[in-house]
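Each chain gets a letter, A, B, C and D, in the order it is written, and its residues are counted from 1.
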Amino acid sequence: MTTAVNDLLEAHPAPAAEVDRQALAACIEECMACAQACTACGDACLAEHEVETLRRCIRTNADCADLCETAGRVLSRQTGFDVGVAGVALRACAAACSVCAEECERHASMHTHCRLCGERCRSCEAACRRLLDSLADG
Amino acid sequence: MTTAVNDLLEAHPAPAAEVDRQALAACIEECMACAQACTACGDACLAEHEVETLRRCIRTNADCADLCETAGRVLSRQTGFDVGVAGVALRACAAACSVCAEECERHASMHTHCRLCGERCRSCEAACRRLLDSLADG
Amino acid sequence: MTTAVNDLLEAHPAPAAEVDRQALAACIEECMACAQACTACGDACLAEHEVETLRRCIRTNADCADLCETAGRVLSRQTGFDVGVAGVALRACAAACSVCAEECERHASMHTHCRLCGERCRSCEAACRRLLDSLADG
Amino acid sequence: MTTAVNDLLEAHPAPAAEVDRQALAACIEECMACAQACTACGDACLAEHEVETLRRCIRTNADCADLCETAGRVLSRQTGFDVGVAGVALRACAAACSVCAEECERHASMHTHCRLCGERCRSCEAACRRLLDSLADG
(Lines give C-alpha, C1' and ligand atoms only; values in the text may rest on other atoms or scores of the structure.)
Protein backbone atom coordinates (compact mmCIF):
# COMPACT_ATOMS: atom_id res chain seq x y z
CA MET A 1 0.00 0.00 0.00
CA THR A 2 2.95 2.39 0.54
CA THR A 3 2.75 3.40 -3.10
CA ALA A 4 -0.91 4.37 -2.74
CA VAL A 5 -0.29 6.35 0.45
CA ASN A 6 2.72 8.03 -1.14
CA ASP A 7 0.88 8.87 -4.38
CA LEU A 8 -1.84 10.66 -2.41
CA LEU A 9 0.67 12.58 -0.29
CA GLU A 10 2.45 13.61 -3.50
CA ALA A 11 -0.80 14.81 -5.09
CA HIS A 12 -1.28 17.38 -2.31
CA PRO A 13 -1.15 20.96 -3.70
CA ALA A 14 0.90 22.26 -0.75
CA PRO A 15 2.73 19.34 0.92
CA ALA A 16 4.06 19.78 4.44
CA ALA A 17 7.64 21.08 4.05
CA GLU A 18 8.61 19.95 7.55
CA VAL A 19 8.43 16.22 6.85
CA ASP A 20 10.27 13.68 4.78
CA ARG A 21 7.56 12.24 2.54
CA GLN A 22 8.95 8.71 2.38
CA ALA A 23 9.19 8.50 6.18
CA LEU A 24 5.71 9.97 6.46
CA ALA A 25 4.16 7.47 4.03
CA ALA A 26 5.89 4.57 5.76
CA CYS A 27 4.69 5.71 9.18
CA ILE A 28 1.08 6.20 8.03
CA GLU A 29 1.04 2.69 6.66
CA GLU A 30 2.56 1.24 9.84
CA CYS A 31 -0.08 3.01 11.93
CA MET A 32 -2.92 1.61 9.85
CA ALA A 33 -1.52 -1.91 9.82
CA CYS A 34 -0.85 -1.83 13.56
CA ALA A 35 -4.36 -0.53 14.34
CA GLN A 36 -5.83 -3.44 12.38
CA ALA A 37 -3.51 -5.98 13.98
CA CYS A 38 -4.40 -4.75 17.46
CA THR A 39 -8.14 -4.92 16.77
CA ALA A 40 -7.76 -8.45 15.39
CA CYS A 41 -5.44 -9.61 18.21
CA GLY A 42 -7.69 -8.25 20.95
CA ASP A 43 -10.62 -10.04 19.35
CA ALA A 44 -8.68 -13.29 19.01
CA CYS A 45 -7.58 -13.06 22.66
CA LEU A 46 -11.23 -12.69 23.61
CA ALA A 47 -12.01 -16.07 22.05
CA GLU A 48 -9.09 -17.92 23.66
CA HIS A 49 -9.81 -20.66 26.18
CA GLU A 50 -7.96 -18.93 29.02
CA VAL A 51 -9.32 -15.45 28.33
CA GLU A 52 -8.87 -14.47 31.99
CA THR A 53 -5.08 -14.50 31.46
CA LEU A 54 -5.41 -12.15 28.48
CA ARG A 55 -7.36 -9.29 30.05
CA ARG A 56 -4.46 -6.85 29.98
CA CYS A 57 -3.60 -7.86 26.43
CA ILE A 58 -7.17 -7.17 25.25
CA ARG A 59 -7.17 -3.80 26.93
CA THR A 60 -3.80 -2.66 25.68
CA ASN A 61 -4.74 -3.82 22.17
CA ALA A 62 -7.82 -1.57 22.32
CA ASP A 63 -5.81 1.48 23.39
CA CYS A 64 -3.10 0.81 20.82
CA ALA A 65 -5.65 0.43 18.00
CA ASP A 66 -7.23 3.78 18.91
CA LEU A 67 -3.94 5.67 19.21
CA CYS A 68 -2.48 4.16 16.00
CA GLU A 69 -5.61 4.99 14.03
CA THR A 70 -5.61 8.56 15.26
CA ALA A 71 -1.90 9.01 14.53
CA GLY A 72 -2.50 7.67 11.01
CA ARG A 73 -5.28 10.23 10.49
CA VAL A 74 -3.31 13.19 11.85
CA LEU A 75 -0.30 12.27 9.70
CA SER A 76 -2.47 11.89 6.59
CA ARG A 77 -3.21 15.63 6.75
CA GLN A 78 -0.65 18.09 5.35
CA THR A 79 -2.70 21.32 5.22
CA GLY A 80 -1.73 23.67 8.03
CA PHE A 81 0.68 21.02 9.29
CA ASP A 82 1.57 21.54 12.96
CA VAL A 83 4.82 19.90 14.06
CA GLY A 84 3.74 20.06 17.72
CA VAL A 85 0.46 18.21 17.21
CA ALA A 86 2.07 15.67 14.90
CA GLY A 87 4.72 15.16 17.57
CA VAL A 88 2.34 14.42 20.45
CA ALA A 89 0.27 12.11 18.27
CA LEU A 90 3.44 10.21 17.31
CA ARG A 91 4.70 10.04 20.88
CA ALA A 92 1.35 8.75 22.12
CA CYS A 93 1.26 6.13 19.37
CA ALA A 94 4.85 5.01 20.02
CA ALA A 95 4.20 4.70 23.77
CA ALA A 96 1.03 2.62 23.23
CA CYS A 97 2.87 0.41 20.72
CA SER A 98 5.69 -0.17 23.20
CA VAL A 99 3.32 -1.18 26.02
CA CYS A 100 1.23 -3.36 23.71
CA ALA A 101 4.28 -5.07 22.19
CA GLU A 102 5.62 -5.92 25.63
CA GLU A 103 2.29 -7.44 26.64
CA CYS A 104 1.82 -9.35 23.37
CA GLU A 105 5.34 -10.75 23.61
CA ARG A 106 4.44 -12.44 26.91
CA HIS A 107 1.89 -14.56 25.05
CA ALA A 108 3.76 -14.91 21.75
CA SER A 109 4.84 -18.49 22.30
CA MET A 110 1.25 -19.52 23.09
CA HIS A 111 -0.69 -17.48 20.54
CA THR A 112 0.34 -16.72 16.96
CA HIS A 113 -1.90 -13.62 16.93
CA CYS A 114 0.03 -12.19 19.87
CA ARG A 115 3.35 -12.92 18.15
CA LEU A 116 2.19 -11.25 14.89
CA CYS A 117 0.69 -8.30 16.73
CA GLY A 118 3.77 -7.80 18.90
CA GLU A 119 5.92 -7.65 15.75
CA ARG A 120 3.58 -5.10 14.20
CA CYS A 121 3.68 -2.93 17.32
CA ARG A 122 7.51 -2.96 17.38
CA SER A 123 7.60 -2.05 13.71
CA CYS A 124 5.08 0.76 14.16
CA GLU A 125 6.89 2.09 17.23
CA ALA A 126 10.13 2.23 15.22
CA ALA A 127 8.46 4.06 12.33
CA CYS A 128 6.98 6.62 14.73
CA ARG A 129 10.37 7.22 16.36
CA ARG A 130 12.08 7.60 12.97
CA LEU A 131 9.52 10.19 11.91
CA LEU A 132 9.83 11.99 15.27
CA ASP A 133 13.60 12.13 14.79
CA SER A 134 13.24 13.57 11.30
CA LEU A 135 10.78 16.20 12.59
CA ALA A 136 13.24 17.22 15.31
CA ASP A 137 16.04 17.56 12.73
CA GLY A 138 13.88 19.53 10.28
CA MET B 1 -0.83 -6.00 3.48
CA THR B 2 -3.48 -8.64 2.60
CA THR B 3 -1.12 -11.37 3.81
CA ALA B 4 -0.78 -9.71 7.22
CA VAL B 5 -4.54 -9.22 7.56
CA ASN B 6 -5.16 -12.80 6.46
CA ASP B 7 -2.52 -14.26 8.78
CA LEU B 8 -4.18 -12.60 11.76
CA LEU B 9 -7.65 -13.75 10.75
CA GLU B 10 -6.28 -17.27 10.37
CA ALA B 11 -4.67 -17.17 13.83
CA HIS B 12 -8.09 -16.68 15.47
CA PRO B 13 -8.99 -19.63 17.73
CA ALA B 14 -12.65 -19.65 16.60
CA PRO B 15 -12.92 -17.96 13.18
CA ALA B 16 -16.32 -16.78 11.99
CA ALA B 17 -17.84 -19.68 10.07
CA GLU B 18 -20.24 -17.42 8.20
CA VAL B 19 -17.63 -15.65 6.10
CA ASP B 20 -15.20 -16.47 3.36
CA ARG B 21 -11.83 -15.54 4.86
CA GLN B 22 -10.22 -14.40 1.61
CA ALA B 23 -13.14 -12.07 0.84
CA LEU B 24 -13.07 -10.83 4.42
CA ALA B 25 -9.33 -10.07 4.39
CA ALA B 26 -9.64 -8.29 1.04
CA CYS B 27 -12.56 -6.19 2.26
CA ILE B 28 -10.80 -5.20 5.52
CA GLU B 29 -7.80 -4.04 3.53
CA GLU B 30 -9.97 -2.07 1.09
CA CYS B 31 -11.75 -0.36 4.01
CA MET B 32 -8.47 0.69 5.58
CA ALA B 33 -6.95 1.93 2.33
CA CYS B 34 -10.13 3.82 1.43
CA ALA B 35 -10.34 5.47 4.85
CA GLN B 36 -6.76 6.71 4.45
CA ALA B 37 -7.36 7.89 0.88
CA CYS B 38 -10.47 9.82 1.92
CA THR B 39 -8.67 11.53 4.81
CA ALA B 40 -5.79 12.48 2.50
CA CYS B 41 -8.07 13.61 -0.35
CA GLY B 42 -10.25 15.76 1.92
CA ASP B 43 -7.12 17.38 3.29
CA ALA B 44 -5.67 17.97 -0.19
CA CYS B 45 -9.01 19.48 -1.35
CA LEU B 46 -8.80 21.86 1.62
CA ALA B 47 -5.49 23.23 0.32
CA GLU B 48 -6.67 23.69 -3.28
CA HIS B 49 -6.91 27.20 -4.71
CA GLU B 50 -10.64 26.94 -5.42
CA VAL B 51 -11.56 25.28 -2.14
CA GLU B 52 -15.10 26.73 -2.30
CA THR B 53 -15.86 24.37 -5.23
CA LEU B 54 -14.71 21.37 -3.16
CA ARG B 55 -16.89 21.79 -0.08
CA ARG B 56 -19.06 18.77 -0.81
CA CYS B 57 -16.00 16.68 -1.68
CA ILE B 58 -14.35 17.51 1.66
CA ARG B 59 -17.49 16.61 3.54
CA THR B 60 -18.20 13.37 1.77
CA ASN B 61 -14.54 12.39 2.20
CA ALA B 62 -14.90 12.86 5.96
CA ASP B 63 -18.03 10.69 6.15
CA CYS B 64 -16.51 8.02 3.93
CA ALA B 65 -13.31 7.88 6.02
CA ASP B 66 -15.35 7.40 9.21
CA LEU B 67 -17.64 4.71 7.77
CA CYS B 68 -14.77 2.81 6.09
CA GLU B 69 -12.71 2.82 9.27
CA THR B 70 -15.62 1.54 11.33
CA ALA B 71 -16.45 -1.18 8.81
CA GLY B 72 -12.79 -2.25 8.85
CA ARG B 73 -12.91 -2.52 12.65
CA VAL B 74 -16.19 -4.43 12.79
CA LEU B 75 -14.96 -6.88 10.14
CA SER B 76 -11.66 -7.41 11.96
CA ARG B 77 -13.59 -9.03 14.82
CA GLN B 78 -14.64 -12.68 14.52
CA THR B 79 -15.64 -13.48 18.12
CA GLY B 80 -19.43 -13.59 18.48
CA PHE B 81 -19.72 -12.64 14.81
CA ASP B 82 -23.14 -11.17 14.01
CA VAL B 83 -24.12 -11.32 10.34
CA GLY B 84 -26.71 -8.57 10.84
CA VAL B 85 -24.28 -6.04 12.32
CA ALA B 86 -21.61 -6.90 9.77
CA GLY B 87 -24.23 -6.41 7.07
CA VAL B 88 -25.34 -2.92 8.14
CA ALA B 89 -21.72 -1.82 8.57
CA LEU B 90 -20.93 -3.06 5.06
CA ARG B 91 -24.03 -1.45 3.54
CA ALA B 92 -23.23 1.89 5.21
CA CYS B 93 -19.65 1.71 4.00
CA ALA B 94 -20.66 0.80 0.44
CA ALA B 95 -23.20 3.65 0.31
CA ALA B 96 -20.67 6.22 1.55
CA CYS B 97 -18.09 4.94 -0.95
CA SER B 98 -20.57 5.26 -3.80
CA VAL B 99 -21.49 8.86 -2.92
CA CYS B 100 -17.85 9.82 -2.35
CA ALA B 101 -16.67 8.18 -5.59
CA GLU B 102 -19.31 10.07 -7.58
CA GLU B 103 -18.23 13.37 -6.04
CA CYS B 104 -14.50 12.70 -6.46
CA GLU B 105 -15.04 11.73 -10.09
CA ARG B 106 -16.40 15.22 -10.83
CA HIS B 107 -12.99 16.66 -9.91
CA ALA B 108 -10.81 13.81 -11.19
CA SER B 109 -9.65 15.61 -14.32
CA MET B 110 -8.57 18.63 -12.26
CA HIS B 111 -7.10 16.96 -9.18
CA THR B 112 -5.04 13.76 -9.09
CA HIS B 113 -6.00 13.19 -5.43
CA CYS B 114 -9.68 13.13 -6.40
CA ARG B 115 -8.96 10.68 -9.23
CA LEU B 116 -6.99 8.36 -6.93
CA CYS B 117 -9.55 8.61 -4.14
CA GLY B 118 -12.47 8.00 -6.50
CA GLU B 119 -10.78 4.82 -7.71
CA ARG B 120 -10.23 3.66 -4.11
CA CYS B 121 -13.87 4.30 -3.25
CA ARG B 122 -15.10 2.28 -6.24
CA SER B 123 -12.76 -0.55 -5.32
CA CYS B 124 -13.87 -0.52 -1.66
CA GLU B 125 -17.54 -0.36 -2.62
CA ALA B 126 -17.06 -3.44 -4.83
CA ALA B 127 -15.27 -5.35 -2.05
CA CYS B 128 -18.09 -4.53 0.40
CA ARG B 129 -20.74 -5.71 -2.07
CA ARG B 130 -18.83 -8.94 -2.77
CA LEU B 131 -18.63 -9.67 0.95
CA LEU B 132 -22.31 -8.80 1.42
CA ASP B 133 -23.20 -11.23 -1.38
CA SER B 134 -21.14 -14.00 0.20
CA LEU B 135 -22.83 -13.36 3.59
CA ALA B 136 -26.27 -13.61 1.98
CA ASP B 137 -25.31 -16.91 0.32
CA GLY B 138 -23.83 -18.34 3.53
CA MET C 1 -24.97 18.70 26.81
CA THR C 2 -27.92 18.95 24.38
CA THR C 3 -27.76 22.74 24.63
CA ALA C 4 -24.12 22.76 23.58
CA VAL C 5 -24.76 20.43 20.65
CA ASN C 6 -27.78 22.44 19.61
CA ASP C 7 -25.98 25.80 19.88
CA LEU C 8 -23.27 24.57 17.54
CA LEU C 9 -25.78 23.20 15.02
CA GLU C 10 -27.60 26.53 15.14
CA ALA C 11 -24.37 28.48 14.52
CA HIS C 12 -23.90 26.72 11.16
CA PRO C 13 -24.07 29.22 8.27
CA ALA C 14 -26.09 26.84 6.07
CA PRO C 15 -27.88 24.28 8.25
CA ALA C 16 -29.21 21.10 6.66
CA ALA C 17 -32.78 21.87 5.60
CA GLU C 18 -33.70 18.18 5.50
CA VAL C 19 -33.52 17.61 9.24
CA ASP C 20 -35.35 18.70 12.36
CA ARG C 21 -32.62 20.33 14.46
CA GLN C 22 -33.98 19.28 17.84
CA ALA C 23 -34.21 15.63 16.77
CA LEU C 24 -30.74 15.91 15.26
CA ALA C 25 -29.17 17.38 18.41
CA ALA C 26 -30.87 14.75 20.59
CA CYS C 27 -29.66 11.92 18.34
CA ILE C 28 -26.07 13.22 18.25
CA GLU C 29 -26.01 13.32 22.03
CA GLU C 30 -27.47 9.83 22.33
CA CYS C 31 -24.85 8.48 19.93
CA MET C 32 -22.01 10.00 21.93
CA ALA C 33 -23.36 8.84 25.29
CA CYS C 34 -24.01 5.33 23.95
CA ALA C 35 -20.51 5.07 22.45
CA GLN C 36 -19.02 5.97 25.81
CA ALA C 37 -21.31 3.57 27.71
CA CYS C 38 -20.40 0.70 25.37
CA THR C 39 -16.66 1.34 25.73
CA ALA C 40 -17.02 1.46 29.52
CA CYS C 41 -19.30 -1.61 29.69
CA GLY C 42 -17.05 -3.71 27.46
CA ASP C 43 -14.10 -2.78 29.66
CA ALA C 44 -16.02 -3.56 32.87
CA CYS C 45 -17.11 -6.94 31.42
CA LEU C 46 -13.44 -7.69 30.73
CA ALA C 47 -12.64 -7.32 34.44
CA GLU C 48 -15.55 -9.50 35.66
CA HIS C 49 -14.78 -12.79 37.39
CA GLU C 50 -16.64 -14.88 34.80
CA VAL C 51 -15.31 -13.06 31.77
CA GLU C 52 -15.74 -16.19 29.60
CA THR C 53 -19.54 -15.73 29.84
CA LEU C 54 -19.25 -12.15 28.63
CA ARG C 55 -17.31 -12.66 25.40
CA ARG C 56 -20.22 -11.80 23.13
CA CYS C 57 -21.11 -8.79 25.29
CA ILE C 58 -17.55 -7.41 25.02
CA ARG C 59 -17.56 -7.87 21.27
CA THR C 60 -20.97 -6.34 20.63
CA ASN C 61 -20.04 -3.41 22.90
CA ALA C 62 -16.99 -2.77 20.72
CA ASP C 63 -19.01 -2.77 17.50
CA CYS C 64 -21.73 -0.61 19.02
CA ALA C 65 -19.20 1.96 20.30
CA ASP C 66 -17.65 2.24 16.83
CA LEU C 67 -20.95 2.55 14.98
CA CYS C 68 -22.43 5.06 17.48
CA GLU C 69 -19.31 7.22 17.34
CA THR C 70 -19.35 7.26 13.55
CA ALA C 71 -23.06 8.07 13.40
CA GLY C 72 -22.47 10.94 15.85
CA ARG C 73 -19.73 12.30 13.59
CA VAL C 74 -21.71 12.00 10.36
CA LEU C 75 -24.73 13.69 11.97
CA SER C 76 -22.58 16.51 13.34
CA ARG C 77 -21.87 17.62 9.76
CA GLN C 78 -24.45 19.74 7.93
CA THR C 79 -22.43 20.96 4.93
CA GLY C 80 -23.43 19.09 1.77
CA PHE C 81 -25.79 16.98 3.88
CA ASP C 82 -26.66 13.69 2.14
CA VAL C 83 -29.88 12.08 3.35
CA GLY C 84 -28.78 8.71 1.96
CA VAL C 85 -25.48 8.59 3.84
CA ALA C 86 -27.09 9.90 7.04
CA GLY C 87 -29.74 7.19 6.64
CA VAL C 88 -27.31 4.25 6.34
CA ALA C 89 -25.23 5.55 9.26
CA LEU C 90 -28.39 5.79 11.38
CA ARG C 91 -29.63 2.35 10.35
CA ALA C 92 -26.24 0.78 11.13
CA CYS C 93 -26.16 2.51 14.51
CA ALA C 94 -29.74 1.48 15.38
CA ALA C 95 -29.05 -2.14 14.42
CA ALA C 96 -25.88 -2.31 16.52
CA CYS C 97 -27.70 -0.72 19.46
CA SER C 98 -30.50 -3.26 19.20
CA VAL C 99 -28.10 -6.24 19.18
CA CYS C 100 -26.00 -4.77 22.00
CA ALA C 101 -29.05 -3.93 24.14
CA GLU C 102 -30.35 -7.49 23.80
CA GLU C 103 -26.99 -8.92 24.87
CA CYS C 104 -26.54 -6.47 27.77
CA GLU C 105 -30.04 -7.21 29.02
CA ARG C 106 -29.08 -10.88 29.50
CA HIS C 107 -26.53 -9.78 32.11
CA ALA C 108 -28.42 -6.82 33.56
CA SER C 109 -29.46 -8.56 36.76
CA MET C 110 -25.86 -9.61 37.43
CA HIS C 111 -23.96 -6.51 36.34
CA THR C 112 -25.01 -2.88 36.85
CA HIS C 113 -22.81 -1.78 33.93
CA CYS C 114 -24.74 -4.10 31.61
CA ARG C 115 -28.06 -2.75 32.88
CA LEU C 116 -26.96 0.88 32.41
CA CYS C 117 -25.47 0.16 28.99
CA GLY C 118 -28.53 -1.74 27.81
CA GLU C 119 -30.71 1.24 28.75
CA ARG C 120 -28.39 3.58 26.83
CA CYS C 121 -28.49 1.36 23.77
CA ARG C 122 -32.32 1.25 23.79
CA SER C 123 -32.46 5.02 24.16
CA CYS C 124 -29.96 5.57 21.33
CA GLU C 125 -31.75 3.11 19.07
CA ALA C 126 -35.03 5.01 19.64
CA ALA C 127 -33.39 8.37 18.89
CA CYS C 128 -31.92 6.99 15.65
CA ARG C 129 -35.29 5.61 14.56
CA ARG C 130 -37.04 8.92 15.35
CA LEU C 131 -34.50 10.80 13.25
CA LEU C 132 -34.81 8.25 10.43
CA ASP C 133 -38.59 8.70 10.48
CA SER C 134 -38.27 12.48 10.31
CA LEU C 135 -35.83 12.16 7.38
CA ALA C 136 -38.28 9.93 5.52
CA ASP C 137 -41.10 12.44 6.10
CA GLY C 138 -38.94 15.42 5.06
CA MET D 1 -24.05 13.46 31.30
CA THR D 2 -21.38 13.39 34.04
CA THR D 3 -23.71 11.30 36.21
CA ALA D 4 -24.04 8.66 33.51
CA VAL D 5 -20.28 8.54 32.90
CA ASN D 6 -19.63 8.38 36.62
CA ASP D 7 -22.25 5.67 37.25
CA LEU D 8 -20.58 3.44 34.66
CA LEU D 9 -17.10 4.05 36.07
CA GLU D 10 -18.44 3.20 39.51
CA ALA D 11 -20.03 -0.04 38.27
CA HIS D 12 -16.60 -1.36 37.24
CA PRO D 13 -15.66 -4.48 39.24
CA ALA D 14 -12.02 -3.38 39.63
CA PRO D 15 -11.78 0.39 39.18
CA ALA D 16 -8.39 1.95 38.44
CA ALA D 17 -6.87 2.81 41.82
CA GLU D 18 -4.48 5.34 40.29
CA VAL D 19 -7.14 7.88 39.34
CA ASP D 20 -9.58 10.19 41.06
CA ARG D 21 -12.95 9.05 39.71
CA GLN D 22 -14.61 12.48 39.73
CA ALA D 23 -11.71 14.01 37.78
CA LEU D 24 -11.77 11.05 35.42
CA ALA D 25 -15.51 11.31 34.74
CA ALA D 26 -15.26 15.06 34.16
CA CYS D 27 -12.35 14.61 31.76
CA ILE D 28 -14.09 11.88 29.75
CA GLU D 29 -17.11 14.10 29.32
CA GLU D 30 -14.99 17.09 28.28
CA CYS D 31 -13.19 14.94 25.70
CA MET D 32 -16.48 13.77 24.18
CA ALA D 33 -18.04 17.24 24.14
CA CYS D 34 -14.88 18.75 22.64
CA ALA D 35 -14.66 16.07 19.93
CA GLN D 36 -18.24 16.84 18.92
CA ALA D 37 -17.70 20.60 18.99
CA CYS D 38 -14.59 20.29 16.81
CA THR D 39 -16.39 18.13 14.24
CA ALA D 40 -19.30 20.60 14.14
CA CYS D 41 -17.05 23.69 14.01
CA GLY D 42 -14.87 22.29 11.22
CA ASP D 43 -18.01 21.51 9.25
CA ALA D 44 -19.48 24.97 9.87
CA CYS D 45 -16.18 26.59 8.81
CA LEU D 46 -16.37 24.60 5.58
CA ALA D 47 -19.70 26.25 4.73
CA GLU D 48 -18.57 29.81 5.50
CA HIS D 49 -18.37 32.33 2.67
CA GLU D 50 -14.65 32.94 3.12
CA VAL D 51 -13.67 29.30 3.60
CA GLU D 52 -10.16 30.00 2.24
CA THR D 53 -9.40 31.94 5.46
CA LEU D 54 -10.51 28.99 7.59
CA ARG D 55 -8.32 26.24 6.14
CA ARG D 56 -6.11 25.95 9.22
CA CYS D 57 -9.15 26.04 11.50
CA ILE D 58 -10.80 23.15 9.62
CA ARG D 59 -7.62 21.11 9.80
CA THR D 60 -6.90 21.72 13.46
CA ASN D 61 -10.55 20.93 14.27
CA ALA D 62 -10.15 17.56 12.55
CA ASP D 63 -7.00 16.68 14.52
CA CYS D 64 -8.53 17.85 17.79
CA ALA D 65 -11.71 15.81 17.25
CA ASP D 66 -9.64 12.67 16.62
CA LEU D 67 -7.34 13.14 19.61
CA CYS D 68 -10.19 14.05 21.99
CA GLU D 69 -12.22 11.05 20.92
CA THR D 70 -9.28 8.71 21.42
CA ALA D 71 -8.45 10.18 24.82
CA GLY D 72 -12.11 9.74 25.84
CA ARG D 73 -11.95 6.06 24.81
CA VAL D 74 -8.64 5.33 26.56
CA LEU D 75 -9.88 7.00 29.75
CA SER D 76 -13.17 5.07 29.66
CA ARG D 77 -11.19 1.85 30.21
CA GLN D 78 -10.11 0.92 33.75
CA THR D 79 -9.07 -2.72 33.30
CA GLY D 80 -5.28 -3.07 33.27
CA PHE D 81 -5.04 0.71 33.57
CA ASP D 82 -1.62 2.00 32.43
CA VAL D 83 -0.69 5.42 33.80
CA GLY D 84 1.90 5.89 31.04
CA VAL D 85 -0.54 5.32 28.17
CA ALA D 86 -3.24 7.42 29.84
CA GLY D 87 -0.63 10.15 30.27
CA VAL D 88 0.45 10.32 26.62
CA ALA D 89 -3.17 10.24 25.46
CA LEU D 90 -3.97 13.13 27.81
CA ARG D 91 -0.92 15.13 26.78
CA ALA D 92 -1.72 14.66 23.08
CA CYS D 93 -5.32 15.72 23.69
CA ALA D 94 -4.33 18.78 25.72
CA ALA D 95 -1.82 19.87 23.08
CA ALA D 96 -4.35 19.54 20.26
CA CYS D 97 -6.95 21.44 22.32
CA SER D 98 -4.48 24.26 22.95
CA VAL D 99 -3.59 24.64 19.25
CA CYS D 100 -7.25 24.39 18.19
CA ALA D 101 -8.42 26.90 20.82
CA GLU D 102 -5.81 29.41 19.68
CA GLU D 103 -6.91 29.06 16.06
CA CYS D 104 -10.65 29.19 16.87
CA GLU D 105 -10.13 32.30 18.99
CA ARG D 106 -8.80 34.17 15.93
CA HIS D 107 -12.21 33.76 14.31
CA ALA D 108 -14.37 34.00 17.44
CA SER D 109 -15.59 37.53 16.79
CA MET D 110 -16.67 36.58 13.26
CA HIS D 111 -18.11 33.11 13.83
CA THR D 112 -20.14 31.93 16.81
CA HIS D 113 -19.15 28.30 16.14
CA CYS D 114 -15.48 29.25 16.48
CA ARG D 115 -16.18 31.07 19.73
CA LEU D 116 -18.12 28.11 21.18
CA CYS D 117 -15.54 25.59 19.98
CA GLY D 118 -12.63 27.64 21.34
CA GLU D 119 -14.31 27.69 24.75
CA ARG D 120 -14.81 23.91 24.62
CA CYS D 121 -11.17 23.35 23.70
CA ARG D 122 -9.95 25.50 26.61
CA SER D 123 -12.25 23.67 28.99
CA CYS D 124 -11.12 20.25 27.72
CA GLU D 125 -7.45 21.24 27.86
CA ALA D 126 -7.92 22.28 31.52
CA ALA D 127 -9.66 19.00 32.40
CA CYS D 128 -6.85 17.00 30.78
CA ARG D 129 -4.20 18.95 32.69
CA ARG D 130 -6.07 18.51 35.99
CA LEU D 131 -6.25 14.77 35.44
CA LEU D 132 -2.57 14.66 34.43
CA ASP D 133 -1.68 16.48 37.65
CA SER D 134 -3.70 14.04 39.75
CA LEU D 135 -2.00 11.08 37.99
CA ALA D 136 1.44 12.55 38.75
CA ASP D 137 0.48 13.00 42.41
CA GLY D 138 -0.97 9.49 42.74
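Simple rule for what comes next: a residue touches a chain if its C-beta (ideal position, glycine included) is under 8 Å from a C-beta of that chain, and two chains touch if they have at least 3 such contacts.
The model shown is predicted, which means the values in this text are computed figures rather than measured ones.
K.L.:
Same residues or different residues where chain A meets chain B? The copies count as same if more than half of the interface numbers are shared.
P.N.:
same
K.L.:
Which chain is most remote from chain C in terms of Cα centres?
P.N.:
Of all chains, A has its centre farthest from that of chain C.
K.L.:
Express in whole angstrom the distance between the two chain centres, defined as the mean CA positions of chain B and chain C.
P.N.:
It comes to 21 Å between the two C-alpha centres.
K.L.:
Among the residues of chain A, which ones contact at least 2 other chains?
P.N.:
43, 46-47, 55, 58-59, 62, 69, 73, 77, 79
K.L.:
Residue numbers of chain A touching chain B in their complex, please.
P.N.:
Spelled out, the residues of chain A in touch with chain B are 1, 4-5, 7-9, 11-14, 28-29, 32-33, 36-37, 39-41, 43-44, 46-49, 65, 69, 72-73, 76-79, 111-113, 116-117, 120.
K.L.:
Quick one: in the complex, what on chain D touches chain A?
P.N.:
55-56, 58-60, 62-63, 66-67, 69-70, 73-74, 77, 79-80, 82, 84-85, 88-89, 91-92, 95-96, 99
K.L.:
Considering only the defined contacts, which chain C positions touch chain A in the complex?
P.N.:
43, 46-47, 51-52, 55, 58-59, 62
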